[in-house]
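Questions regarding the structure given below will be posed in turn.
Each chain gets a letter, A, B, C and D, in the order it is written, and its residues are counted from 1.
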Amino acid sequence: MMIMRRDATDEDIKRVVKEIRRYGLKADVSRGDFRTVIGLVGDERRIPFDNFSILPGVKEVVKIETPYKLISREYARASEGENGIHRTVNIGNVHIGNGEPIIMAGPCAVENKKQLYTIAEAVKKAGAHILRGGIFKPRSSVHSFQGLGSIDRKSAETALKWMRDCGREFDMPVITEVRGEDHVDLAAEYVDILQIGSRNMYNQDLLAKVGKKNRPVLLKRHFGAGIEEFLSFAEYVAAEGNKDIILCERGIVPVGKGREYTRYTLDLAAVPVVKRETYLPVIVDPSHGTGRRDLIFNMCCAAIASGADGLMVEAHYNPAEAIVDGKQTITPDELQDIIKTCREIYRLVKTG
Amino acid sequence: MMIMRRDATDEDIKRVVKEIRRYGLKADVSRGDFRTVIGLVGDERRIPFDNFSILPGVKEVVKIETPYKLISREYARASEGENGIHRTVNIGNVHIGNGEPIIMAGPCAVENKKQLYTIAEAVKKAGAHILRGGIFKPRSSVHSFQGLGSIDRKSAETALKWMRDCGREFDMPVITEVRGEDHVDLAAEYVDILQIGSRNMYNQDLLAKVGKKNRPVLLKRHFGAGIEEFLSFAEYVAAEGNKDIILCERGIVPVGKGREYTRYTLDLAAVPVVKRETYLPVIVDPSHGTGRRDLIFNMCCAAIASGADGLMVEAHYNPAEAIVDGKQTITPDELQDIIKTCREIYRLVKTG
Amino acid sequence: MMIMRRDATDEDIKRVVKEIRRYGLKADVSRGDFRTVIGLVGDERRIPFDNFSILPGVKEVVKIETPYKLISREYARASEGENGIHRTVNIGNVHIGNGEPIIMAGPCAVENKKQLYTIAEAVKKAGAHILRGGIFKPRSSVHSFQGLGSIDRKSAETALKWMRDCGREFDMPVITEVRGEDHVDLAAEYVDILQIGSRNMYNQDLLAKVGKKNRPVLLKRHFGAGIEEFLSFAEYVAAEGNKDIILCERGIVPVGKGREYTRYTLDLAAVPVVKRETYLPVIVDPSHGTGRRDLIFNMCCAAIASGADGLMVEAHYNPAEAIVDGKQTITPDELQDIIKTCREIYRLVKTG
Amino acid sequence: MMIMRRDATDEDIKRVVKEIRRYGLKADVSRGDFRTVIGLVGDERRIPFDNFSILPGVKEVVKIETPYKLISREYARASEGENGIHRTVNIGNVHIGNGEPIIMAGPCAVENKKQLYTIAEAVKKAGAHILRGGIFKPRSSVHSFQGLGSIDRKSAETALKWMRDCGREFDMPVITEVRGEDHVDLAAEYVDILQIGSRNMYNQDLLAKVGKKNRPVLLKRHFGAGIEEFLSFAEYVAAEGNKDIILCERGIVPVGKGREYTRYTLDLAAVPVVKRETYLPVIVDPSHGTGRRDLIFNMCCAAIASGADGLMVEAHYNPAEAIVDGKQTITPDELQDIIKTCREIYRLVKTG
């Protein structure tokens, strides 16, 4: 990255950007409270760093060793100072990464308008901040229900409108998963946060596409991905200029023989690790991570205790009735208990 | 699946298909040498099987228990008899799954026309059957070279034309990876086999898109996927009517602490397992599976000995010069040795 | 298991035991507050259950489906009623599994008397309940320090005496690992709890040996073991009549490629899972589980939030000076913070 | 290691050994055809290498970077030259690592004399070289049959005598597993090769014990162990002066969700990797590695093709009748086919 002097002019910045492009790379201009920093997107080895260090306005040229440069703490610290090491992602009145644990709750799949509204009202009352609901459902089997969005474009649009209107009705921003490249433009018209599911974490074309939209992105870790890979793929979003990224741990593939007691292995140590490597907020999804309703309370508490900035939880007024993932879905009452306890744990841990 | 009587008329078949659609499912009509079988795409539980068994022309109604119904041995056996349990995928004069091990070789990434032609000539001489070459490269870091296809559409088209022409020149069908949904139509114009890379195995929208093209599909197992998932996602291709699927084992995520001696863990037992579960041909990619040039010979031999129908190998006249994956790339001379030995092992194992 | 009537006589019980032995199995007589239950050790299939159900004093004959029968909730519930589903392991004034989170702390390896006493005093002051210290150290390399106990018998005995005396001095029960079968008798003379390390979880001969000692046993999960295996090997201890078993989650082998950010993957969902499957208390060792001092605070909090009954933590007045595992060792001051916060989280979660 | 001059005297060697001990390490004197090399057992950092390089008879002082120094190729090359990089382990007329693939076959568990003799005769006729048979069986459940050796000492001795006599009768060396430390002395009286099972790979006290016996040792890789750990624990045997170690790959824990098609994941790339890291022979056990009789043929062929020096296979005249592991057991006829094909593959691969 090129760290500019505090008195660097717009002219100086433009010149550096132009030079970077001349070598076939893209420039990421980050104007912080502290100073302006210009990140590099592409193969740094092509850049003659010495030549840059003598350009007007350039204070210092620093190489970031990880493949996730633009989302690294080091990069934020350079432009924002120590305050920059934790970014708050703001969506309306909701501030992820600041002040209290943010709860995203709602049905696994949006089934119909009434189901959505009933659940939305209940989770709002329980204390949730953001409404989640699956419209384009990724499924392991082509023979399973793939969400209303997979029927046809009209159904997709209808369901998206329900989400938008329901969010307004209950004063919650809304989030939904975009599963394929074709969903991005459409979903971005209606929802506040675009979610990339675990199965698509490695889908770099999709990541680039959501990175170009003016919407916060929630990126779930792939269940086979190491942390370095997770962050390297988040970098695909950041490389498009979008740093409003919320990272989500949701469990990794189980190891070992025999009976599976949980769907995945929730890797909670990833939470403090990621928070030390990047400035991005991190949330946890214990619903998919465990697949078991009876473990959600404990694993929500543990997630917040591990340092998470929030939770994503599947809730339904009648879990047994849910078309998808009923086994891991809790009731609004259970959600309320969780939110109450998690708030206290959050306070204890952040000040502890 | 609905197994039709041998004397079932087209009328009978149409009626069954129509009935299936009436319940919101799609029908897969498989007219075998033995008899016609009609598979179901969608949630079977909606179907009143008893009602179907009494329709004219229906011999028997059978439920297939796995989520990979259309690619199961059971389904092929019903329409083709015992001969159906091994499908040969034919691409011009090349027959995968029949007679000899098929070798797909070429550079990891297509870099320029000369590089491609030089390698193609060499691998052809060494005995390879199909030319591989990466144009849209999936990469772990946004800061790495993403292939000529990722620069712009014109570069993509140029590289694809090189592939097509080079294949014709040296009489080899060509294969390239389609990384994003936008690549499918374009690539299908120029190449003979569409490859879905490991990172995209779970990308069901991409799978559906290639399934609609009239091209054989090579599907690599995701490195975090169990076999059941691997086959369930292959089913997404088959569900579009395309059964010309070649499955490829390329290594799974390493388990355990400490130094990594290989890039992934090549799961060769998956080869005979998959060949018992489905009728599809299976190949192995030891280049990505091990990441080590000095292991390629042994692991190619082991792959064929495990029952594989072919191999995908990265070869380059000067591996040290390759922009991508030089460490795992072998020379045409090494390839020739491998092909020679593998042919003999293939013969021993198939008749052993 | 054979559930006896509340009015069953000693005679009745003896008769059932004798009958069980006649079929080549061992009997585990569990006299609970509620009723007496007789468990079976060995291959149940040899037992003609019908014949037993008509013996005098037998109320009911029930087959437990898991391989971990004697430590299952079901078994405890039968003899103790609902109160039996959580066992408290008592060591002097310390009660694991009841009332507050129990902290086992101390040096990774006992290095000398002064080091041990200094650390013991400090961790006691910080609020720890039990003193840990390694004397027989399992090590990945034969070329590393294996603990004082591995030098010769005299050194082992000296170190064990330090432990015993130090525990008395600071009023803490003491725990040490027995690595080989030869260590069991010796260690049992001096320490209060016998620890089986992760690497020895599958060592059934060692488990049987500690099971015969009149000492609580702390069993760590092997880092390659599924939960079913973990519990099945705990059963080897219980089969010798010793139910004072404390189970310890300490991380499983990492999955995935690339840089390792933590030594192992702490599987915290295993805590509530194990507590639902058995009646045994569960603790967590975040020191080995993460291998990183900067993650210990968060992961201790998360462990307690997940439902753990206690923690095992490596502490040293000067971590940089520790011969073994300094990187994951915290100071007594850090320990004090952890204990304080964990107590509050424990209270929140248990009553939440 | 200290590489001695070819004209170094016994006096020189003794002096170096004495010096090494003075620093608290043990010396491993390796008198090769090429020259004498003195390895170090213990923490090298304590040794002032410069002081050693000027001792009489010392040619060169070299640090080996891996934790598996005494079994490294580098160590063997220093004393034996290039010929030393492949060691042949000789047991009577059987030479493992030289000339042909060595087959160890027999029942999973020795059940009675007749069963053992019948199987021994059949596997000998099929072409096997070494008779295997389990007497001390490691089992996941305390409620399962643990082998005749676990009943009492007398049964153990009887079964061991059967093994010894049966081996003599059919002119095959015999191998059995020693599961606990108490089994070592006893088993060493009767069998030719002492086997350490997968579950005990990390049991360093047991490894040290078998290392002291004058018997070749077969060490199975633990199913949760990386290769570096595997070799580091083999070093525990070598550190006792015993280099007649046969390494055995037998599958690692499965990764990923869903149905398990094989018991473990056979990591065949470990074979050529280990053969490049050490001079020890490597064999493969596809019976435990796959757990499926129908995969044994292919996986035996693949193991030999990957470069293995031999195989361990469970065989029984009537697999369905076997008390333990019948599902993965093949018949002598199947074994004969395997041996025949594997011999040809071995020849192809070694000369290929």
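A few comments on the model shown:
By definition in this document, a residue touches a chain if its C-beta (ideal position, glycine included) is under 8 Å from a C-beta of that chain, and two chains touch if they have at least 3 such contacts.
Computed from a predicted model, the values in this text were never measured in an experiment.
Greatest Cα centroid separation from chain B: this falls to C. Across B-C and C-D, it is C-D that has more C-beta pairs touching.
As a whole-number value, the distance joining the C-alpha centres of chain C and chain D reads 33 Å.
Chain B and chain C have CA centres that are 49 Å apart.
Counting partner chains per residue, chain D has residues 223-226, 229, 253-257 touching two or more of them. Against chain A, the residues of chain B that register as touching in their complex are 40-44, 67, 69, 138-146, 179-182, 199-200, 202-206, 222-226, 229, 232-233, 235-236, 239, 253, 255. Within the complex, the chain D residues that touch chain A are 223-224, 253-257, 260, 263-264. Those residues of chain C that touch chain A in the complex are listed here as 224-229, 252-262, 265-273, 276-277, 289-290, 294-295, 297-299, 301-307, 337, 340-341, 344-345, 348-349, 352.
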